[in-house]
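Each of the next two complexes has chain A plus one more chain, namely chain B in the first and chain C in the second.
Take a look at the complex of A and B:
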């Protein structure tokens, strides 16, 4: 019974993992450093959406990211470059303030944390986030799991709960490779406990001053026929003034 | 001790094995093309960048009209069919250092019932925007030209969107979010400074033309920027916004047009993980909608000056408010609802509606000036983008990836709270590829003959469209 519930194995593994001397928060902070550089940066991300295994659409997004020194949360500004029907649309994600701007109607619309998860710009909430700030983690144990290329990795398995209402998801599960702190896999859950997204990281390469994942594979757990890949291209450090995260600045941004 | 510990780990791993094996099954959901690291093959248009959008669209509209209106429609009735093809372009150019130029416009080719080919009105260019922008200091801007300036946070009605009046040329949809895409900007000078904590803007739009009569569908000029729509009054606007702690965002506005002052405010707040609440208010001294409409009709020659008014005129001005208050709610299934209440104090009261119907129904033919005036008031409200009734409710739903991926459904209902009559519009857009979109919309006016929406000449309409983005 204990084995079927997974409680005893989790306790046993958790005890042994703690023996390595890493707390859950330290592990999460370690993987944050792998994914995110410590300076403001700009990248061009290509999001390819697959429907039932076939590529259906592609979006090019310009992403401007900067850590808020007071909260250590990321402020993200996402500009649609493609598809052409969405060109110039922007999503501002800054703490409690989320705005969607459409240059065709010149309208800025305030959106809720849930609404920001609709659409391609939601990838920023999965990929460019300081998990150690937004979530409180528990080390479930160590597990050997496969990455998207079916290579096996010894990973810490962490279960994270939202630290406050700024977190995009209520609960996140994460598998982080021991030793390297490379993120291998993540699972993201809604307030109701529903599994929303499964994320695999791959193609670790030298980027923005460190070895970081350059490809993410996002499986829509609500409709598993929908799978997206995101390729991080042309990443570079860039000075980003705080005024860029003001909603009235959105019409002024000259994204490249 | 170490031996016992290793045994425990091994024991735990064996026990957890089914869960790990199940975890690895998620990889089966990844398409073969990704697993094999094949390059994605996607039908996509050439990269054009975020600073331009150009597309062609063809739209066919069929409409059904009501017979036996209580207040007879005085002029030519709305067309029962329309065919419209247009090229829509929005583009920005970087000129010298810190200088940009922006253009936005639409070239239309249209044919409709009562507008056969060839007429000069078959071709029309809507010059929406053309302005020069200079960043004089860091994030301090000076703009000059025709600018489409939009304010407000609500979806169904924006009391603080002071530059909306007379700006919509021809509507292919009644959805305000779509209407805003083809509205004319105003010739103005604008100064704006944006800083980390907020933004401050000052706008001056000069009076350059005298007000002209309301354009009819058949009287739209071909190549005329129609500055008389947007610059018939001198206008000044000062507005500033700031985020307040706790997720509250505010904007305050002071507006002056002709001899009329208005104040405005916008507030939005994140109420929960799924809900954003918002309120938008504007107020100032003004006459009622009826008085404003009749005065404008006489001023522009649409209503003979000495003609007695078809409805009782009040004549005096008082402080009147406009309000939109509502909330958006998003579900995990990608549906976003917006529910709003709209208050337009200068609009029709129940007594005004009674007068409107009583004055206009059952009249002999020689009194045709009466229905003409009554309908003029309604066309004035539409031209000014003002609600006609004092109390209305608005509900909108937008569903992304509805039923299957790439299908977006949008529906909204606008209800007159006096009589329960309503206007409903349902839109479907299917994104065939990055370049092609096909879609359609259905509209219907519901209500009794003696009601706001039931008294309109158009009963329902159907539109099909195909768009190609470059």
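Take a look at the complex of A and C:
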């Protein structure tokens, strides 16, 4: 779930690590490469919610991600491992649709946009935001910006507008480190212009054939006491059958 | 001659006649006073509903049945054109008192300021404040509570609004709004075991700085909703006041905000729409013609809109009316039965006492019809006198009640309204009760009168 994000258009063939003379779309494509390995993969994530710094809830999740070749959107299947009361519950994120499956009732329920306003689902919304497909960016300039650990990075500052109605956020600001294309920080704005969420990536490590962020911190800008972190524990490439991303298949799915 | 005789006969047993007249009078008073109260109640209830939701509401076809599930999907497109179409129509224009767009929406209201951390789903009406104030002044019957102008809502200040008292309590606004008898919510802490605390205060500082400051000391809520396309959206909302709502569910959920703010929240970057166009007419009797004209207009312009009246929107209104009507019928039936038996009893006793007299009269050549007529007129006269006395007393009671300045709280109302008995406003009730009870008295006399008429002259003469 962590890496699923906008798909980079394959146009970036002439991509070079040279830090200068990049267009905004090239920078987005570059950072999408960092966030997204481009192949189906399986990962174990820990999602922790903090209220005023105190932990409120923690879930261990198994995430299966695969690109949908027709829409170029990443599809995610999330299976709860812990806490025990949630074990076996699944959430299917397919494009802009959320389905929740409860093994106790063997029923899958569509999670409406109204129900994704707060809680864990709203966190997923930020992580899966699809930069290259859903947004059109302009390069504002280069800035020195502090990451979550207060270390400074020289970053490109991108201002992105929703490309169409399907985009979850009207405006997204992104800071991407020059040269490495590491995503450092993102700010997500609502239609009304209010800041909704701030996202930090940190702990860049070698994963899935590249250096990728392993921790995400999401600060809720509406309820500012609320902070969620997602820790990306381990990951491996794995072929995932398309059927797993069908809602009707969820009751029969035995994820390994 | 017949009436003089009847009148003299009634006076022969003064006490018994007085009791009978009294029973009829009490019946009349009960029916008239309750009827007057009911009439006033209907008027005030009608006024209340019309002040709140107007007479007619125009929706996009299907909204009334299915739209509550997803209000934003049933918005009226280019609603300003529809408003102009209705407002400029030569037939409708003279009938309309207020014509205003409204937007119903739902979302999550959160108070995340300071020590509070409370969120709650809400339902809201987004309105134009000045139109809402004007609607609340509708008073065609002179029966409604005259509302004070709204709590300082301003057409030019779209950030302000008010909430239900229960919602204010749940969101911990008691202290900042200075509400009496309103405890702050208890703090609930739930921690995940085995997870260390972490300090994000330096990261959160950036957020705290971005929040809009308080406007004129009013508490701020964040209203979250999903826009039509499913994107999360949030706006700042300043709570001017908390108003108690008549139904608890409403009290705990209700928000009234400016139309512009509601549109910003629900339609975001899309075209702003409304879910309903409310028409408040000058007179309630114009509902039928106005409704037909609206439908004709929509058909003519090919608009997919439908019209609903206030009774359809407020099932409670019709239910309450029926409830009171059935109580009235019940009282009327009881009073009718009491009058019936009293008069039957009185006339039977009269006939028994006057059997010799009946025999004598018959012997003098009066026919059966004459006897029957004699007693029917007596019964009728008892009815007329009793009902008239009751009428006078009922008027005195009505005047007394109206002078006393009593108040009461009708169902689905929060504050007390003056209790008035508008007897004069209901000529049908007065005439109906008066004529009805006289008819009952006359009919009640029919059975004894028939028996009297059928008496054998010889037997009657010998009767002791």
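Simple rule for what comes next: the second predicted complex is superposed on the first by the 215 of 256 C-alpha atoms of A that agree within 3 Å, B and C clash if a C-alpha of one lies under 4 Å from a C-alpha of the other, contacts with A are read in each partner's own complex, and residues count from 1 in each chain.
Definition applied: a residue touches a chain if its C-beta (ideal position, glycine included) is under 8 Å from a C-beta of that chain, and two chains touch if they have at least 3 such contacts.
Predicted model only: the values in this text are computed from it and were never measured.
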Check whether A:243 is in contact with chain B, with chain C, with both or with neither, and answer first, second, both or neither.
first
Which holds for A:50: it touches chain B only (first), chain C only (second), both, or neither?
both
Now for A:58: first (chain B), second (chain C), both, or neither, which partner does it touch?
both
Could you figure out whether chain B or chain C reaches more residues of chain A?
B
Answer with first, second, both or neither: which of chain B and chain C does A:144 touch in the superposed model?
first
Where does A:122 make contact in the superposed view: on chain B (first), on chain C (second), on both, or on neither?
second
Once the shared chain is lined up, is A:112 touching chain B (first), chain C (second), both, or neither of them?
both
Regarding the shared-chain residue A:225, is it in contact with chain B (first), chain C (second), both, or neither?
both
Quick one: is A:194 in contact with chain B, with chain C, with both, or with neither? Answer first, second, both or neither.
both
Contacts of A:36 with chain B and chain C, given as first, second, both or neither
neither
Could you pull out which residues of chain A sit against chain B in one structure and against chain C in the other?
48, 50-51, 53-58, 96, 112-114, 118, 148, 150, 165, 190-192, 194, 196, 198, 200, 217, 219, 222-225, 227, 229
Quick check: in the complex, which residue numbers of chain B touch chain A?
5, 8-9, 11-13, 15-16, 19-20, 23-24, 26-27, 29-35, 40-42, 44-45, 47-55, 90, 92, 94, 100, 138-139, 141, 148-150, 152-153, 155, 177-178, 180-181, 192, 194-199, 201, 241, 243, 246-247, 249, 268, 270, 272-276, 278, 328-334, 336, 400-401, 405-406, 431, 433-435, 437, 467, 469-470
For a test of understanding, state which residues of chain A touch chain B in their complex under the given definition.
3, 6, 8-10, 12-13, 15-16, 19, 48-51, 53-58, 60, 62, 79-85, 87-88, 95-98, 102-115, 118-119, 141-146, 148-150, 165, 185, 190-192, 194, 196, 198, 200, 217, 219, 222-227, 229, 241-243, 245-249, 252, 254-256
Chain C partner, complex, touching residues on chain A are 48, 50-58, 96, 112-114, 116-118, 122, 125, 148, 150, 162, 165-170, 190-192, 194-196, 198, 200, 217, 219-225, 227, 229
Show me the residue ranges of chain C that touch chain A in the complex, using the header's touch definition.
106-108, 110, 112, 117, 119, 189-192, 195-204, 206-208, 210-211, 222, 224-227, 229-236, 264-265, 268-270
